[in-house]
Structures are given as C-alpha cells and as structure tokens.
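Which chain is which? They are A, B, C, D and E, in the order written, and residues in each are numbered from 1.
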Amino acid sequence: MLKSWKVRIGLSILTFFVLLAVFGPVVGGDPRANDIQAISQPPSWQHLFGTTQFGQDVLAQTIAGARGSMLVGILAAAIGTLIAILVGVPAGYFGGAVDNGLNFLTNLFLVMPVLPLILIVAGYVQGTGPFVIALIIGLFGWSGGARTLRAQALSLSSRDFVLAMRMVGEPHRRLIFCEVLPHLTGWISAMFLHGMIGGVMAEAGLAFLGITDSGSISWGTMIQAAQQQSAVLRGLWWWFVPPGLCIALIGTAATLVNFGVDEVSNPKLRMARRSVVVRTRKVAEA
Amino acid sequence: MTVRWAFLARRLGFYLAAAAAAIGLNFLLPRLMPGDPSSAIVEELERVSGQQVPAETLLSIRAIFGNPHANLAQQFADYLRQLSHGDLGVSVVNFPVPVADLVWQALPWTLLLVGTTTVTAFAIGTLLGVVAGWKAGSRLDAILTPFTTFLSSVPYFWVALLALWVFGFVLGWTPLSGGYDADLPQGFTLAYAGSVLHHGVLPAATIVFSAFGGWLLGMRNMTVTTVREDYVLLAQAKGLSPRRVMFRYAARNAMLPSFTGFAMALGGVVGGALLTEIVFSYPGIGYLLYEALQKRDYPMMQGVFLLITLAVLLANLVADLAYVLLDPRIRARG
Amino acid sequence: MSVLTVDGLTVEYVTGDRPVRACDDVSFELRRGEILGVAGESGSGKSTLITALTRLQRPPAVTTAGRIEFHGTDLVGLSPDQLRKLRWTSLAIVLQSAMDALNPVMRVGAQFVDVLRTHDKTLNSKAAWARAAELLGMVGISADRVRAYPHELSGGMRQRASIALALACRPELVVMDEPTTAVDVVMQRQILAQVLRLRKELGFAVVFVTHDLSLLLELADRIAIMYGGRIVEIGTAESLYTKPRHPYTRGLRDSFPPLRSELRTLTGIPGSPPDLRDPPPGCAFHPRCPDRFDGCDRQRPDLVTIEDHAVACRLYPSGDDQS
Amino acid sequence: KTPASSAGAAVVYGKTDGGTTFVRNYNVMGPATDKAPNMELVYEPLMRVDYGDGGVVKPWLAQSWAFSDQGKALTIKLRGDVTWSDGQKFTADDVVYSLGLPIEKPDFSIAGITYKSVAKVDAGTVKVVFAEPSYATLNQFANILLPMVPKHVWSSQNLNTWTNPDPIGTGPFTVQEFKPQQITLQARSDYWGGKLPMTTYKIIPTSADALKAQLLKGDIDWASASWPNGEKEYVAKDPDKHLYQLYSNGGAMSVLFNTAKAPFDDVHVRRALALTIDRTAVVTTLQRPGTEAGPTGLSEQLFADWLDPAYKGKVQKVDAAAAKAELAKGGWTVENGALVKDGKRYQPSILFNADWGWGNYADILINTWKQTLGLQVKGAGQPSAGYYDKQNLGQFDLAAASTGGSGVYGVYRFLSSQYLTPVGKSATLNQGRWNDPETDKIIAAMQRTDNVDELKTLGRQLQKIVVDKTPFSPIYNNFYFVDINATRWTGWPTPDDFDHIPFVGMGPDTILTMLKLQRRAS
Amino acid sequence: MSQPVLEARAVSKHFAAGRSTVRAVEDATLALLPGRIVALVGESGSGKTTLARLLARFYAPTSGEIRLHGEVVKGKPREYYRDVQLIFQDPFGSLNPLHRVRYNLERAVKLHHAVRSKADLDQKVVELINRVSLAESYLDKFPHELSGGQRQRVVIARALAVEPKVLLGDEPISMLDVSIRLEMLNLLERLRAEDGLALLYITHDIASARYLCDDIVVMYAGRMVEGGPKEDVIADPLHPYTQLLIDSSPDPERGDRNKLFDAEDLGEPPSLIDPPAGCRFHPRCPVAMDICRTQAPPRTELTDGRWTHCWLQEKR
C-alpha cells in the first residue's frame, strides 16, 4: 500500500498535522499572547505568518488551530464511524427485521439535510465546546457510511467463508468480529478519513457561522475572526489564508489516501495509473 | 415492469414514512431544546436597542409567545392542523409576517443560484471526469485529477471570501452583495435579468468551482472501472467511433452511481449553499435560515427546515423515478 | 488460403518489478472457414492472446514482438482509424461472459443497430432494426425480443445474442473467448450447433478458446494447446486425441473421465500451473512433467513440426536442438 | 450603474444591521423585532434627547411640558402646526390614543412605560399621571418606540396582526416604494419641521464588508457601522468627503463584577482587577485610539459638565503594584493562578459575547491579569443567547458588558437594589447584583427632582461610589459610528460641533441632520 | 442395505421474489448412505444448490422433512453440523483470505474437540492437513498463497475436523483447473473408503459423476427426473431429459461428429416462477404426450434400484 505515492504523500501530510496537533502547542508559542506593538503585521522574521489585528501570532494560532480542528474532525469521525459500524454491520449481517429497522433509520438520516440540521441543532445547543460540536457532526454524519457497511456486510455475510465457519460452529459474535469485520477495515478507514475531513470542514463552517465556541482556537474560528474584522477586505491575507490552506491540505491528503487505497484494492484503477500507462508506452515504443 | 413498480411503490412508502418522521422531528426539535422564543425576542430587542428591556416589556412579550409548558399532544395537533393549510406559522422576528411568505420570497433566488450551479457543476464535473477516466493515465488526467482533489478540499466559503475580495473589491468587476440591482424595477426586462446575472455570477462561480471537483473524481474512477468492462471492450471491437463508445457505453453506465449523488445534491438545492449565500448576502433560503438561527426565530427555522427536508425527499423520489428509466436493471432493493 | 497468420506474437504485462510474459512467441495460421481451438488451463494466456489478436489490449498489456497478418496486412502496425475500418466487418469477437458483454442500459436491438449503421452508412434506422431482429432470429431468438434489455434475457439467450451480434457484419474471422462456459451442456450443444450451421452458411473462420479440451476435440478442426503463455502443441483434433505428443497434452486429455468407455483411475496432472510472474526456467511444464529428463529445466524447447502436427518438447528434438 | 446616480436628489443609506431583505411592517408599536427600517422618519415621538447636552430631554412634537404633584403629573403642550401625511391635523386625541396604547395593551409597551394614565386637557394639551415621582424617566417620551400614531387610522385596525403597509405619520417621509431589497421614502412637502433638501431617501441592505466598498465608491451616502482603522482606510483617502465620525453614546464597555459571589463581593479584589486592565491595548487593537474609558464610565464628550473634575481626563493605567497592594489589603494571595483566601481557592472566568467577536479582547484582559497578578482567568465565550441567559441569571464571575443610558441617572440606575434578584433568577437590570444602601439613596433622590444643579451634585456622589467601590470597571467608551460619503451632500455635523447626532435610527436627530443637508455644487 | 444417515423426504423449497414465488425445488427425495456416493446432476438453475443448502440447513424446507439418523431434524443447526458438512463450489470464496490455514483448522478443532494443550491441538491440526495430502508447511500460508486445488483440500480438511458423517459437495471441483480435478475426486473417493462417509456429489458434468459416484440422481427444473446406479442410468437413460443430457455432454469417443452439431433447438429451460404444468420437461420433450402437459408424472420404481418420473415409464 505504501508503494502508492498518493498514499505516501497523503499519510505524510496527515501525520504532520496530527503531530502538529499533539505537539504543536508546545513549540508554537502562546496563540493568545498579544503583542500590541505588532498589530496586523504581514509576515516577518518575528512573526513568520504575520499577526492578527489583536497582535496575535498567526503561526501560533494556526498551530493551535490544528489541535482544535483535528480534535473535532477526529472525534466526529470516530463517533460517526462507530455509529455507522453499529448500525450498518448488524443490519447487513443479520438481515430480516433487524435490517428493516436499522435500514429505515439509515435511509432516514440519509435523506435528512445534514448541514441545516446540524446548524439548527448546534444553534439550539448554544454555547458549544469542541466535544459537543464533534458529537453533533458525528451524530448526523454516519448514514452514508452505514449504508456502505450494510451493503458490504450483507454481501460478506452470505459469502461462503462466513457460511463455512458458521457450519464449523462459530458463534455469531465471532463471525461478525473475526470473519466479517476485518474485511471492512478498508471501508472503515476510508470512512474515517472521509468523516475526519468532513468534520474539519463542518467545524469550519459552523465556526464561520459563529456557532461554535469562539473561545477555542480552530482553523474555523480563525477564519471567522478574520472575517469579523474584515480581514479579507483589508487585505490581511496572511490571517485567513493559512487556516484555509491547512483545511484544504488535510482534505487533499485524506482524499489522496482514499484514492490510493482505492487503487490498491481495485486493480482496474491500479492499471489506469499514469506510471503504468507511461511504462507501457515506453515498452511499446522500445 | 412489475418489479420496477413494486420497487417504486416501496420507495414511495419509505418517503412517506420519512416525511412523517421529518414533520415529527421538526415539531419536536424546538420543543426538546433549551430556550424559548420569548427569550429570543427579548435578546434581540436588547441587541438592537443596546439597552436592557424593561421588566414590564418582558412580561408582555411572554404573554404572546410564552406558554412553553402547554400539553405536547395538543401542540402537535395544532401544528398539524396549521401545516395542512400550508401554514408554516408566523415569523417571530418579522411578526406578523407568515413564514410561508418569506420562504416564497427567498425560494426563487436559491433555486436560481444553487439550482443552476448544481446542474452546471455536475455537468462540468461529469464531463471532465469522463474524459479524465477515458484517458486515465494521460497527462491531462495526471494534472486534472490531483488539482481537483485539492479544489474539492478547499472550504467553499473560504473560496467565496477570496473571490469576493479579488473580483468584488480589488478588481471591482462584480457587485459585493445582494441578488439584483434594487434600483431596477423587478420584472422580465433585459436590464433586470442582466443585473440578476451580474450579481449571481460570482457566487455561482465559487459554487461551481468548489463543487465540480467532487463529481469529477467520482466520475473519473467510475469511468476507469467501466472502461474495463467487457461491454466497453466489445463496443470498441465493434469499431464504433471512440466518442460513441465513450459516451453511449462507458459514460452512460459510469454515470449511474453518481446519479444518486446528483439527486441528493438537487434535493439540497433548496437548502442552498448556505455559507455562500451568507458571504454574498444573497437573498435566498440559506440566508433566511441563517437569520432565523441568529435571531432564534423558531417558526422560521422550522418552516425552512421542513421545506428543505421535503425538497430533499421529493428530489430523491424523482431521482428514483428517473433511475428506473436510466437503469433498466433496477430491481427490488431496500 | 490463410486468413490470419500469427508469427512470434509476444505479449507482456508491464506491472510489478518484472514484466509478465503472458504470450510468448505464439505462431499459428488460420485458414478460411477453419475452426481453430485453443485450449489451456486458467492463466495460460488464452485471453491475452485473444485481446492481442483483436488489438483490444489495454495497458499494462503490450505486444512486444511478432506480427498478426490479416490477409497480408499486419494488424500490429495499423493506426486506430485503420483498425476501426476492419473491425466487425472483417474481425468480430465473442466474449467470455455474455452478461458483461452487452451494454446493460441499451436495448439489445440498439446494440445491433449501432454497429450495423456504423459500418453501413446507407442503412436507415428502420431497416437496421429489422436486420437486428432477423439476426436474432438466426440464433433462435424471437424477433419481439429485439427491444428487450440484456437483463431480460436468460444467460443462454444473451450468449446467443452475442454470437448473432458477432455475425452482424458478416466477418471473415470470429474470435470466441470461452463463449459457452456460463451455460450448461444442453444449451452449449445447441449454441455450438448453431455456430456450425452459420459457419457453413457464411463461411467465417473461428478462433475458439476454452479450457474444455473434450469439447474442442469434437468441435474444432485444429487445436492449439497453450501452457504458460506458449503453444506447446498444435495439430488436427483427431491426431491430438489419438496420438498426443506433448506430455502435457497427454495429461490434459486424460484429465477428462470417459463417458462411456471403461473406467480406470485417472490421475490428472499433479501440481499446479506456473505463475507467469515467476516462470520456471526452461520448459514451463517441467516441474509437473512425468517424462522430464536432464536439461528440461534449462532449455526451452521450440515448436517443431513432426508429421501432421507441431510440438514444443525436448522429447522431439528439432534440428538445432541437437547441438 | 449605482443606485444613487439614478436617484436624483436622493440620500442613500446603507443598512448593515438587518438581513438581506426588508419586511414591510410599519406596525411601529407591535412586538415584532424586525420591522421596516427607519420608521422614525415616519413616526415621531413627543420629545428628543439631546446627546450633545448631557442627555437632556428637549421638545419635539411636544412644545413644552411641566411637572406637577411632586413629579407625579406631567402636562404636555403640543405643537399646533403638525399634520399627518394624509393631511389630517395632529391633535391631543392622537396623543391620548398613542400614549394610551401601551397601557391598554401591555404587549405594545415595547418601550417600557412607567406612567399610569393619560388624559386630554384640551385640543393642544394632554396630562400624564405617574405613580412615582418621575422627573428622571421623562426620556420615555423621547423613545422612538413610543411614537405618535394617528388615531383615525389605527383605532379601526386589529393591531396584533396588522402590518400597516402604508403608514401615515407626522414624520418628514412617506413610503414611496417598498421592495425587499430597497425602500424609497419620499420627502413630504408639508412637513412641520421645514423643507427637506432631498426628494427621496433610499435604504438598501448591505453587509459590513460590502458597505465599506460601497462607501469608497460613493454608492452610499450614509451608514452607521464601525470601521476599525477607518481613519486610515477611509478618511485618509479623501478627508474632505470621506467622513468617519464617532459620537459617544453615553455608555462604555465594562467589566462587570458579580458582587453577589465570592471573591467579587470583596472591593479589594474588584479594585485589583480594575487596576490591571490594559485599556490602551484594547483600544489599540480595536483601532479606536484615544477611546479609553475613564473610571466613572461617563464619557467626557457627553458629560463634560456633569463629570467630577477629579476624574476628568483620567484613565487608569495598568498598575500592578497598586493592584497587588489591594489584594494584600484584602488578605488575598494568588497561588497557581487562583485567588486564595482562608484556604479557599477561586479561579474566576470572564463571560463575553462571542457574537461580538469579543474573545480577542477578553484574551488581552486575561493576558494582562496573568502577567501582572499571576491570576489565570478563564475565557467563557457564549453566543448572544447564552451570554444574556448567563448574565441575567447571575451565572458568571466577570462579564464583559455594555453599560450606558441617557443622562447620568440613565447610566447608573441599573445599580439600584430595586432590580436585585438572587443568583439563578433572571434579572432584567443589575446583573452584577450590586446591593449598596448608599447607592440606592442617591438614585432615589435623583428620581425625585428635575433640578439640574441638584442632579449634578447627586451624580458626582454616584461617580465617587462607582470609582471607589467599583461595582464595574469601564474599559472603553461606546460610540455611535457614522460613515458618510459627502460627495453629494454636505452640511453634516462633526463630533467637535454638534447639537444632534447624524446617526440613522435616532429619530429626531436623524431628521435634524437631514433638514440641514445641502446638495454639493458639482 | 444399511440405514440412510441423511434423508430428504419430499422436500420443497419456494423462494419469495417480490410478489411471485420461485419454486426452486419441488418434492425431492434423496437418501445418503454411509460409504456411498450419490451424484446429483442437472443443468444450471435446476435446484441442485438449493437442495444441498436445504440439506445443510441454510434454509428451512417449505414442505417435506429432513432426517438425520432417521430422526426429523429441528431446532438449532449447531448440533446438526457435527454430522453434516458442506463443501462449497468456490475454494477461493470459502476460505477467509485474512486467516491462515492454521487458524481455520484450529478453530474447527477447538469448537469440536476438548483439546487440552497446545501440543494436542497442533497434533490434531497436522493430522488433518496430512489427511488431505498436504505438507505441514502449508499450515502457515494464507489462502492466496495456495492454488485452487490446495485451497479446496484445506476446506475439506476443515470440514473433516468436525468428524462428520455426511459430506455434501456442491460442485466441489468445477472451479478447479481441469488437470487437477481428478486429484480431488480421488481424494473424495479415498475419504469415502477410509471413513465410510456418506457423500453427496453435485455436478453438472455427468462424466465426472460417473467417475466418482455409485448412484446418480438427475434433476430438471427443480424436480428429480431419474435416479439409479450410475452405469445403468448412463447406458440406458429412461427419462428423455437424461438422454438429452448424455447426448449433449462432450465425448471425444462419440461416433458421428457432424450429426451431433445438428442438435435441434429445444429452447430454454422453464422459468421456476411459473413452471409448466404437468411434467416440467414437456415443452422441450421430443416424445411429449398429452398427459405430460397436464399431470406431473409420479415416481415409478423399477428394478435394480432405478426410478424415474416419466409417463413413458409409468405407461409401460
């Protein structure tokens, strides 16, 4: 899997940001410290990414924002993925009445307009910290994954090796956990990555709308603060470009990893890779 | 044929159930959540006037909007009765204007902006996706695909902000907010249409810009997979023109999965590109919802949300119908 | 007179660290109206050969050597446009699984119509549909099914429709890749009977690929046996059955229990076919060969003609092999 | 093409605090929060508050008035030259009807009235009766939410659902065209206040960002929005035509102490924290230099005559030593970022409204307290709704809150124990739960007099209490922000010289501004 | 003659497909005896797999009963699987690609035998793998490292761990390369001989059925049409369908090559949703009579253990 450059690059970027989220605040400096002498300064040696209108270091904020955003993203993804597993896998594996009920639930959440729903709920639950936001995002974002897992579990549960192990006498619990679930790890990890970037994006959107706790620093709240101070209009680009780019980078990384994993698991995609095509052409021309 | 109808009947049943659930949820949400409309009004008054609302006033506001402790069943019955008349209630903030009026006022804008851009983004993304997938591994593909991966990961409101700055402020090519030039009389005049276009072009462009990448990526991979199906191979063997093979055989089949997504997106049109509408102060449903949220206008939130949900359900139903036409294999599926 | 002359065809898959040579120095000749059977185990390169013959291969497959002469023109050198002119009017194909070979979202008739009208610009739509119905009738499918979608036909009908489709433009050569593995014996017999009948009428030549040697022995005029990407033996069906020379051919022949003659314990061929990603040196068959002798694991035998058929085995030394 | 270019003699106002669309609701007294904008140009109140003069109440539709019965009765004499826009005369009947509405229908009392009854004396005079001496609450008649409405139109309507789409008022404008994204008001030719220089007044909705560009381009003449760094980004580009003005609104952004809770029930703690607020840093980042608030919370621009000379021009600088001394005096120490006394630890938090984007200013306060006292205060941002909930319920230690009102009495009246509620019960005023008999005594005295000299003396006593006992500590002054592009219209007041504020939404002040504009000769 | 281990008596299985019913198996009767191999042949869709799965209790029969050791089976199938095991057609599909060979065998052993120690377990596993003629070294391989034949051996070894009395093979060799099919058949033959297993061998290749089994049962469109000792059935088929099947099977030794490919077009096998009334073969039967169109033929018992469902035989 690591042979794919897409996976390698994607994973390196993700790892970088995870490390940043974990250790960044130690090295990044205090994101809230005000330097009244340096207000709205463009990037310089003192402040590599410049400063905000409040004299706060944008680099320190971006680093601190990594933690805020990634925390929400990872948490939301974890919650969403967990629900998707808990709903999708039993539905597919057991079928019948269990499936009917769970599948209805999944379809229901699938057709609910998620963003407005999140907005409304987040709006109701005023004064939300990152955990609540992650919970809300996760709670409303599992249905697509559950549908995929259900379909996969459904086909897996009737696969011969599951039937065969059942005939050998394995109990359902072991069949689900030892036979079915390991086959879903690819889907689950893709879903997790997808959920993570979705969480980061949703958090940014909510922050932009002023729904999250603006006291905590995330890339979303950075953009929102910049927007509130008309940073865009005033050309303080160094204030809002880094957080947006970070989000885009994480998103790109996650997509790349999923893309690469797809290529590894789907030979048709693998054969369409540029490296393959170029090599083929070279051989043909030789 | 009968299998197909059975499939549709089942889907219809599901949508009815889902609509019922949505209505129930819509009713319950505000009632389950902390806070009540009357506090919302008081706060809003305070915000606007910058002063404390006197106690006497508070009492009077409670007299109208309060009563959060009435019997739930009775409330639900009332709610349903209201709905059955197409009555979404009265906006608290814009009292006593009916929510339905405000919604109808905003709806065309959203349909226009988000509707056209959703279709455009889908069309562009799908088309480029087919080409990239068809020429998988070519230089075009090698450039386009990673580039759109990045594009589709950029937060779209951020793009909107940047676009507004560059084209609105710096270059001054486009207006900064609103849906049309308010000075012009509304109507089907050329000038008015021109102004609507002028105002819409930037929000539309940002939506298309950040949305087509997703379609492209999905379509590319589906096309790559489809191109290696036997029926495409056979189509090539038949000596058909590459264009025909690409569209009639490969693209036509590769499109089926993204069609579901497209239906979802169409359903989402009513919900609007919320953040884009906010950035551009576009007078659509998204902005309406945003305002309702900010001012805790519960009837408005409920009305808008119900509308959005029903639109999604409707779009999905239509998609199912269309799917039956597009994919003759459609069989009984949950 | 030969329709097709294949000479030294070599196809490689350029994946992984080392290219996989799935067709290695394949040569044969096909005469007008002849049925050439190609038999071999799974992975022996049959499908690779077919896609290379019809120039339908996609990356990572590359034809690295050899010529495919169709009436004297080398297909390997043709441009896509030139090839397109030859397709279906001269060279048609039937794929392994008919379910996947028909476009699921197009009516069966329409798939006839578009090929008919592509190659005959004068044909109007109505006439094309009529012709499609006629072609389907030829393989025993009633004309009213012309508007059906592929999934509305049974497996056997789809398979027959694919064959009718292959004959739509009266090609000289039809290449068939396991056209009947998905259907059962009764239907298989019916379909093949039809193919034979049509061949008598239309006079096309057939390359017929399958792993069912017993079927080929009944059907084909000549048979090529593939093993590990190479043709190890080629000859008339009769001679191959009665006096197979290559140990593999013999083993293969004896892997089919008889339907009528007396039963005795058969052993098949112990071991498994080679992995072409890592082929054994020398003769690819030597690890499984009961008759191998010193040097089989080093020297790769060439195809030599002995009497009525050709064989690639060191038991039958060719001139230069002696040295 | 810009709205203004086609507008002839129009004044274009860019409205930023509404949504993208307007609602045609001119039911001016109804309880909806979003109504048609700038109704004060159609409906006028009886009086106005003169902010240029310490918030003294001045006549408007009322010509004069007099208190009797120790301030419990008020006789109002009306102007005789006022007509409704439908041509009918404005009479005492209309006033009795208008002032009677909130009494009759409590839900129409959005302005908050204190009088008990109103009666007609003659065609040009009405008499209002109060339960308490009410010299200090005269300004309720200057509230634009208590305007005069025509009895002959209103009395026949169901006011709970009526949206009054074509309002008839005494004001200088009538509604000419109402579109969701643009309202055009037409100047009356028969306005009692005189001839208006413009023919129309246009209101268009815009966003804070878009507004700035529109002002720079000159699409908009007039707006009310703050523009941090506006001096550089706007005024400097064309000082003659680009005006960005700040008028004190008599209030200040302050740190409010919850005096019902330890440790802020201790004056030493309050003083210590007040001494270590870096006001200069806050106004620097606000990009509003020179607006640091004095210790009384009364702005010098407005209250020059009322301010105790001892506090004039005084802004508390950060004084760590003095603050530490205060803590020591109270017996407090700071350990591990917490306030400690008698073995009890307190780790305070500061409540602020996240919707105002105040988190960054809270950070400045927090940082200074940490640097100077070692005290770690936690930031507790809340969106508007939660912010007000928490504040009203007294569930906070420190809160960044706005203080203010008209007149010294108006600014300080919230300190009265009259408004006191226990923590956990919602308060409408006095969220800091200030309970001080001395304060109560002075406020009560102020309510009983309209003698200016007496009021000034009482006001200075209150100032001293605020400074010494520190129930709250002002940070920076609050302003009315006015943005003007004077390309088309001149004659705008300036903060150095004004008797009315050119701020839209101030009712009579807005009208006065408009009456004095002149078209710039091109 | 000994007692059947496993019996199906007049079992039917109908599937619901939307509003219609698929009559996949109708009135099937079958007995498996220890040490004997029964071959079930028939074309695709004739209900062979369904019958095997009924016998493996993946489905409950719509009617009829299944008897194990003479007793009607009911309740949970856990116990049942101690005696009956099924080998799937696809050796690639019936081994979880994520588990090593050892895991598969160990699980089976652990679930059915009280193993006391690791050594005990190891010994049992090695015994099993040796029974199917694979070396110990294969234990630590993953399925993808094995060839099809080796995989199928592992599957059989896993089934043998249970020590069943009956082995049901659903086309166990059809996915294997022709050259190694015979080894599998020989292995099954050995197990029957050594352990006295009762074996059901499902196939559509009548020649391999003849090679391995003792008795042949022919199915057509969900119904059994003929059964009896293999040589008799092949040499002298009683049912026209059996005749057709044998005629259609490739046979290089056949005399007249050309005539064979004159096979007439008999059309498609019938739909099981709405099967033909009477004998299900009648639309394709060259000798169909009027009665065939209306009444299903009963089972006619003949000498030597042969039986058939055909009006021709009944009339005789």
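The definition used in the following text is that a contact is a pair of C-beta atoms (placed from the backbone, for glycine too) under 8 Å apart; a residue touches a chain by one contact, two chains touch by 3 or more.
This is a predicted model, so every value here is computed, not measured.
J.: Return the chains common to the contact lists of subunit A and subunit D.
T.: The shared contacts of subunit A and subunit D, listed by label, come to B.
J.: Using each chain's Cα centroid, which is most distant from the centroid of subunit E?
T.: The chain farthest from subunit E, judged by C-alpha centres, is D.
J.: Compared with subunit C, which chain's mean CA position is the farthest off?
T.: D
J.: As a quick test, compute the distance in whole Å between the mean CA positions of subunit A and subunit E.
T.: From the centre of subunit A to the centre of subunit E is 50 Å.
J.: When the centre of a chain is set as the mean of its C-alpha atoms, what distance in Å lies between subunit D and subunit E?
T.: Inter-chain centre distance comes to 91 Å.
J.: Could you put a whole-Å number on the gap between the CA centroids of subunit A and subunit B?
T.: Their C-alpha centroids are separated by 22 Å.
J.: If you average the CA atoms of subunit B and of subunit D, how many Å lie between those two points?
T.: Each chain's C-alpha centroid was found; their separation is 40 Å.
J.: Residues of subunit A touching 2+ other chains?
T.: 126, 210-211, 232-233, 271-272, 276-277 - these are the residues of subunit A that touch more than one other chain.
J.: Among the residues of subunit C, which ones contact at least 2 other chains?
T.: Residues 58-59.
J.: Could you pull out which subunit D residues touch subunit A in their complex?
T.: Residues 208-209, 212-213, 228-229, 233, 278, 280-281, 284-285, 287, 354-355, 357, 359-364, 366-367, 379-383, 385-386, 389 of subunit D touch subunit A in their complex.
J.: Quick one: which bits of subunit E touch subunit C in the complex? Just the residue numbers, please.
T.: 43-44, 147-150, 177-183, 186, 204, 206-208, 210-211, 234-235, 244-254, 257, 260-269
J.: Which stretch or stretches of subunit A touch subunit E in the complex?
T.: Within the complex, subunit A touches subunit E at residues 159-165, 167-170, 178-179, 182-183.
J.: Under the touch definition given earlier, write down the residues of subunit B that touch subunit D in their complex.
T.: 35, 39-61, 63-64, 91-97, 102, 105-106, 164, 168-169, 172, 176-183, 186, 281-283, 287-288, 291, 294-296
J.: So in the complex, which bits of subunit C are touching subunit E?
T.: 41-42, 140, 154-157, 183-190, 192-194, 196-197, 211-215, 217-219, 241, 251-252, 255-261, 263, 265-273
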